[in-house]
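Below, each structure is written out as structure tokens.
In what comes next, subunit A is part of two complexes: it sits with subunit B in the first one and with subunit C in the second one.
Let's turn to the complex of A and B:
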């Protein structure tokens, strides 16, 4: 691949700005992050290690980590994130792959179809699923009409309902991440693979899949982190019988007014999710790091 | 060179994209071991035709016969046809050795045979010792060699080259031209190369198929195509011709004349295909016209040194503009614009003549 076929990076087109003006350009966002993102995290961290009397204590963490319920809820939440991630990969990969193979007009239509749900609030979409998955909803009606079931099955307020809802809500992230990477894969690689005797499946496994690893990592990190913290969808579609970390933290802070314990739970969730994403990224980088290096 | 039965036969191939005709009823027979170039301007259908042979494009009509067997309905992976792509299309996440072994593994070659075969192919393309490298650690010419080794490793029945040298700079291109030819001759593999570069086609191919607008305009050796183009298109595409309209007349046994509408008469030898007196059109290459005291009067428009020759633009008295290639030793560089000269068609030059 020659440099002539690659898009010219913007940095080489624009004159390199002086270092100080470069810093100036990122300043607004940097300030925003410091004040509204990083600062609350620090407050949270401080809160988690302070007792009722204000002294430094590990009591909140000891309580959280010695309580089996913490592990139960945390595990359930992570499992939910994993299911949603796997489901978006399974649904999103074929879609993204189709997008790069079809003509430009159909591609725009497919892109619009993916982005469209992003323009509707996640709460509205969740309520849509509430109706769809209900006992009197169209899914049960269809299954009954097909004669596959005798009486409505309970989908709503189960883990399946939350996974189904989150998959649809998070799908755009996965498709966009995969499409971005796949569209940069040279189309003649697949042709070369086939001319060398590899069928569609082998071409996919040996060529397209390894080359889409960066997109898989990026998309999975986004979907996983987002699904784990999807308070509204988890609560509405999961109902009262299912407890996930965001709701658990909410209960402890707002309802129980136990801010220290809630903060400790939040820190535990934050560290666990970050560790999983970091480990996944590092692992994939190590095995595939040479692709775009 | 022509055998009873061609090794690869294209029988009435048609490809349409919607209303656009990419390949328009092409018939072509290519012999075993032959190196054929598909030459034409962009959009003439040459790459589409190559993709039909490779199996990437399904023709709307016609058949591809390889060694007498119709392969039109076979998938690309079932054809065992090696292909080198314009941008090489090396798998960026695999080493050179894995790239070359890819086709062997796809064809389920015995494990113990793969490493020796990879080493053998690296030797053929003179890249031994590079097996552990990744494609992005190689130069363009080296990537080209690896792409060739990868295509040849599967012992293909046919080798297809899609503008194989287009991305290389001039010096490297000439080196790779002779390398490609050496390997092609060594292995005796039937090869089809797509190119828009007439010099490349002429220096490499046994036969050239000149294509335009989805059709083969002429199929023949470089000499045939250059000296006896069968259509004005071929004449114009191969070798920078200027066309002159006029009235054709017979001068003597060997020579013909063309009288332009402005009354200038030029004398030349005809390569055909038009061989009757009357309105006609001749194609003139710059090297077929010379400065001569005994010729038609003209005025110099410009003189540009171009390596061994000077390209001189002249206007005949009737307004006809011609280009001629004058040897530099005769001081052609110093012809000032506006100077009056005399030009004629070289008596030994053979000019193609077409119906107007």
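Let's turn to the complex of A and C:
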């Protein structure tokens, strides 16, 4: 570019074709993504602000945001994501922590135990929960046998069922995110903390927890996003009585053919989810900075 | 003085005991949680009765027999799923590997932004992705077919392959490439003989993971399939919603076995677990 004004070393001239060939490598995927990922999102956005006649209007958003049902469904969905995120952190942290402390053989076994469920179809696992949590399922059978209950309790088709199912489905993601970060933490730090007199709990809160914040952020964002969008598990385990955002969007689009409204709902969902992930990430980063002083 | 030492010792003891107890309980709970649904689904598929129960009342193969003999609908859906996911993984794999080759050499913010862009389908709700793609295909006048399914599945396959391929290319020792070049190999030859073979396990591991997730995807397929191409997860979903159809348990059983065997073989051959972080 600057060759007209400045003498250019020979090596730069020789290397010149390389960036172009590099760009050629990335071009197919870039084109595909521009055409089939970015363009559709823009069209969705455009459709959400267009009326039946094609004129620019906020009618779809006004309709969605003045309807109490939207808030009910949206908050229910976000709550689901929050519960699943907290539950995966609580169940996943000790698992990831154990993985970094045990020997290599047990560690690879534990890694496999996380990856295998991750690869088993989410629908199959949802189906497993359908059997497990049902009235004739093992949970009810166990509670009856223990004499804690007289009649089978209804777990299936409640929010708890969806949270349990989603926690299991997303747990591997959280464990992998935490394990990646924890395995990079120098093990002697925890040892130093303990030998200086801090107990296990204090070491955990003051040393390990702050150091694993990046993993917590990454894992939580992933778990939250996929729990909120887990269409099939929400529908099967929630049953007909519980409605969540993905199903609501599907109903409004395919079943009601109300495309503009469905697009507005999809935009609202994406904006809230991204905003929450963004805010959570920013907050966690700040608290991490605070901890490290 | 002696008392305070005992006090300290007591506190240490309580600290250690509560810590071990809490870790062990949650760990056991997590292991149980990870195993339960798969195990129960597998066990329920050997149930002889008309309804799903656990423990199964009398063991039988009848649902597997029903699946084998009188389930053309399921096998058809399986064949479509297999073709769609294979083509999507192949297409995404080729493009993502090339892109990762470029991105792994770049340190610029622009390259990192591209990386995030290529990973974005993983963070978007599948339903918005499917809805948007459907609306877009209608806008540009592409009718729904088998190929619209493949196009949609390529988008959700890409993030997994990009990730592992970047790890694979990143792990290659630059001095090997230098050596190849200084020994007279041009860049094409270096790529074919050094770079690609070294990064291949990572790319294939990503392809495997992408295939499994594509094979399991519902939201994209729900919007993009035409009336004739019903994929397996949607067929399975229909079977599950229709609770009397215990063939769902047999399908689940087959998928579980298939996944575990496939994953163990892949782990042995490629070391998939090295690339999932």
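By definition in this document, the second predicted complex is superposed on the first by the 257 of 293 C-alpha atoms of A that agree within 3 Å, B and C clash if a C-alpha of one lies under 4 Å from a C-alpha of the other, contacts with A are read in each partner's own complex, and residues count from 1 in each chain.
Assume a contact is a pair of C-beta atoms (placed from the backbone, for glycine too) under 8 Å apart; a residue touches a chain by one contact, two chains touch by 3 or more.
Note that the coordinates shown come from a computational prediction; the quantities given were computed from them, not determined experimentally.
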Touching partner for A:148 - first (subunit B), second (subunit C), both, neither: neither
Which superposed partner A:44 touches (first subunit B, second subunit C, both, neither): second
Partner, of subunit C and subunit B, that touches more residues belonging to subunit A: C
Partner chain in contact with A:33 - subunit B first, subunit C second, else both or neither: second
Which of subunit B and subunit C A:124 touches, first, second, both or neither: second
First (subunit B), second (subunit C), both or neither touched by A:199: both
Touched partner set for A:211, first subunit B, second subunit C, both or neither: first
Touched partner set for A:189, first subunit B, second subunit C, both or neither: first
Residues of subunit A at both interfaces, subunit B in one complex, subunit C in the other: 199, 202
Touching residues on subunit A, where the partner in the complex is subunit B: 1-2, 4-5, 186, 188-189, 191-199, 202, 206-207, 210-211, 288, 290-291
Subunit C to subunit A touching residues, read off their complex: 11-12, 15-16, 18-20, 22-23, 26-27, 29-31, 33-41, 44, 51-55, 94-96, 98-99, 101-103, 105-106, 114, 117-118, 120-129, 131-133, 135-136, 139, 151-152, 154-155, 158, 209, 212, 215-216, 218-219, 222-223, 233, 236-237, 240-241, 248-249, 252, 255-256, 259-260, 263, 267, 272-273, 276-277
Of all residues in subunit B, those that touch subunit A in their complex: 54-56, 75-83, 85-93, 102-103, 106-107, 134-136, 140, 150-151, 154, 167
Interfacial residue positions of subunit A with respect to subunit C in the complex: 22-23, 25-26, 28-30, 32-33, 36-41, 43-44, 47, 90-95, 97-98, 108, 111-132, 134, 136-138, 141, 165, 167-168, 171-172, 175-177, 179-180, 199-202, 204, 221-222, 225, 228-229, 231-232, 236, 245-246, 249-250, 253-254, 259, 262-263, 266, 269-270, 273, 277
